[in-house]
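Below: a set of structures, written as structure tokens.
Two complexes are shown next, each including chain A; its partner changes from chain B in the first to chain C in the second.
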Partner chain A sequence: MTDRLIEQLVNDLQPKKPLVDLKLWMHCTACLAMVSVAILMFMGLRGDYLSAMQNGALFWKPGIFLMAWIGSLLLITDISRPNGGLRKEHTIPLMAAGTLLIWQFIVQSRQLSLTDMTHSLSDGSALYCLSVIMGGGAIAMMMAWKYWFSKTASRYPTLLGALAGLSAGCLAAAAYALHCDHDVALYVSVYYGAPVLLLSLAGAILGRKFLRW
Partner chain B sequence: MEPSLLISNASLYDRRMPYGNEKQEKRWQALVVKAQSGDAASYQILLTEIVPVIRRVVLRSLPSPDITDDVVQEVLLSVHKALHTYDSERPFTPWLLAIVNFRKTDFLRQHYASRGNRQVPLESVEIPDYLSNSDASSTFRDIENAIGELPEKQKEVVELLKIEGYSTKEVSEKTGLSESAVKVTMHRALQKLKEKLA
Partner chain C sequence: MRSALKGDQNAYHLLLADLRPWLTAYFGKRIHRNAVEDLVQDTLMTLHSKRQTFDLNYPFGPWIAAIARHRWIDHMRKTLKYVELEIDQEFPSQEHERDECAKHDVKTLLKLIPRAQAEVIEMMKLQEMSVEEVCKKTGRSASSVKIMAHRGMKKIMAAVEEAQDD
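== the complex of A and B ==
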């Protein structure tokens, strides 16, 4: 039986390009550049970019999501192969992103009252922010899925799917942060965090179903 | 059974190769790289050579040797599907063993899950002799006690070799003794056990 199976597998052999981590990085960087250019072309850079540069909002807001994006890509390359496992040091960018967000909460809590912070959540453009990040992230995830994730063989398909969603969501959020002028940390956590989490959840569900091998 | 998710810097790739040797490792690496580029002959040699390794790994933890071939075939199919994920910069054996363990765990999970619904009437349960027979039970206790009284090194060798079923070579690797020292230690331990149980 086993000999016959070997014969069938040998007959079925097709030359395949090996999975190369560098290609994922290049693909995702190209996606980030394209989404950023599209957002800058169609929506434009935030109107108050000079003051945002001075108070650091133009850096910390995209920075949080860029760090999380880099962290998720590192973890993705860790577990894309059967013999892969998460490396502790690759979780550092994700932790750094969380720390930066907490730091912003602390800094802003000295300048804004809790009422001001919660008031920012009722802004009319929140749904717009949420849907742009969700839509952009979904497109980025579909592209990466076709290009990379469908070719992986991970022992942790659910986690790999969740990381696919996380990286795509962070990519869209980092690009959109160049346009959006809402800098309250609570607003960023809720209206940027929610689509990123939703995409991660969708990725986990898809990964559980489609990344099994 | 689930492999640990978080690994340290000394990752799977750096672990000692438990099967084969460096020469064989290099040979397999060359074969798998050729197979990735579509060389059927190399692929056939590779698959044929890895079958005994897969069989040896899975045989140890399967509840019945009859299902070994099923698991071996599952592993071969997975190797075929994941062939392009092998990175030629890294050793082949850890990649293969990761697939073997993954498939074996999957297989065992399904196997035990399907057993979970099986109902066995209480009357048909066979009670082993050593549980029902007090003489046999005390004999087992005596043997356990005798092993427990052996010097530490001898006890370790007896447990690894005779209870856990490792080969002399594996015990030698685990204990740091040479293979002949393992055999001598085992011989001495058996002599002592014979004396104690006489």
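== the complex of A and C ==
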């Protein structure tokens, strides 16, 4: 039986391109560039970009999600293969992103009252922010899934799926942060964080179901 | 493997034929001999379908060992679920061969859990005693015996999951 199976597998052999980490990085960077260009073309750079550059909002807001995006991609390349394992040092960008957000909370708590912060949550454009990040992230995730994730064989399929959602969500959030002028840390945590978390959750469910092997 | 990825059928045949005895020995140490051939075939098919995950910059050995280990753990999960189902149903299985394999696999894993739980599972699964018989022998209630068996199986399952994470 095994001899026959070996014959069948040999006859079925076709050249196959191996997964190359660098190609995933290039693919995702191209996605980030495309989404950023699309947002700048159709929505435009935030109106107050000069003052946002001066107060750093144009850097820290996309920066948080860029760091989280880099961290998630590093972890994805760690665990995409059967013999791959998580490397602790690759969680550093994710921790740096969290630290940057906490730092902004601390800085803003000196300038804004708690009422001001919570008031920002009732902004009418919040749903718009949420849906753009969610939609953009979902498209990026579908592209990456077809290009990379469907070809992987990970020991941690649920985690890999969650990281797929996290990286796609962070990519969309980083690009959208160039347009959005809401800089309150609480607003960013809730209305940028929620779609990223939802995409991660969806990725985890999909990963558990479809990335098992 | 490098040549196989490029579509070289001769190299691929040589690789699979060379792998077969290694895989047979690998699974032979871990599971009942009746299930070894199935797992060897499963592993070869996995290798074939996931060959693109082989990183050309790294050696082949750890990669195929990880695939074989994954297939073994998958097999153990199925075995443990089957044993748990049997304990729940409380009637002897009709699938003799599968039952024999499960017994063998469980026996090797019983060393991983506390003695009392291992004894209960051994009596129920390996000696095919009914819950009532186990109750009489151990002096425990039926619910206590069932709970011990379930907890024991959960611990074995957790140990198998841990093995995957190592």
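Here is the rule we go by: the second predicted complex is superposed on the first by the 213 of 213 C-alpha atoms of A that agree within 3 Å, B and C clash if a C-alpha of one lies under 4 Å from a C-alpha of the other, contacts with A are read in each partner's own complex, and residues count from 1 in each chain.
Methods note: a residue touches a chain if its C-beta (ideal position, glycine included) is under 8 Å from a C-beta of that chain, and two chains touch if they have at least 3 such contacts.
If you're wondering where the values come from, they're calculated on a predicted model, not measured in any experiment.
Visitor: Evaluate whether chain B and chain C can sit on chain A together after superposition, giving fit or clash.
Guide: Aligned on chain A, chain C clashes with chain B.
Visitor: Quick check for you: in the superposed arrangement, does A:L22 touch first (chain B), second (chain C), both or neither?
Guide: After superposing on A, A:L22 lies clear of both chain B and chain C.
Visitor: Between chain B and chain C, pick out the one touching the greater number of residues of chain A.
Guide: The larger set of chain A residues in touch belongs to B.
Visitor: Check whether A:N83 is in contact with chain B, with chain C, with both or with neither, and answer first, second, both or neither.
Guide: Both partners.
Visitor: Quick check for you: in the superposed arrangement, does A:T2 touch first (chain B), second (chain C), both or neither?
Guide: both
Visitor: For A:D12, using the defined touch cut-off, is the partner it touches chain B, chain C, both, or neither? Pick first, second, both or neither.
Guide: After superposing on A, A:D12 lies in contact with both chain B and chain C.
Visitor: Should A:L114 be classified as contacting the first partner (chain B), the second (chain C), both, or neither?
Guide: After superposing on A, A:L114 lies clear of both chain B and chain C.
Visitor: Identify the overlap between the chain B-contacting and the chain C-contacting residues of chain A.
Guide: 1-2, 5-6, 9-19, 80-83, 151-153, 155, 213.
Visitor: Where on chain B is chain A touching in the complex?
Guide: Result: residues 3-9, 11-13, 35-38, 40, 43-44, 47-48, 51, 69, 72-73, 76-78, 80-88, 90, 94-95, 97-99, 102 of chain B touch chain A.
Visitor: Quick one: in the complex, what on chain C touches chain A?
Guide: 4-7, 9, 12-13, 16-17, 20, 37, 40-41, 44-46, 48-56, 58, 62-63, 65-67, 70, 164-165
Visitor: Considering the complex alone, what residue numbers of chain A touch chain C?
Guide: Touching chain C: residues 1-2, 5-6, 9-19, 80-83, 151-153, 155, 213 of chain A.
Visitor: Can you check the complex and tell me which residues of chain A touch chain B?
Guide: Chain A reaches chain B through residues 1-2, 5-7, 9-19, 80-89, 151-153, 155-156, 159, 213.
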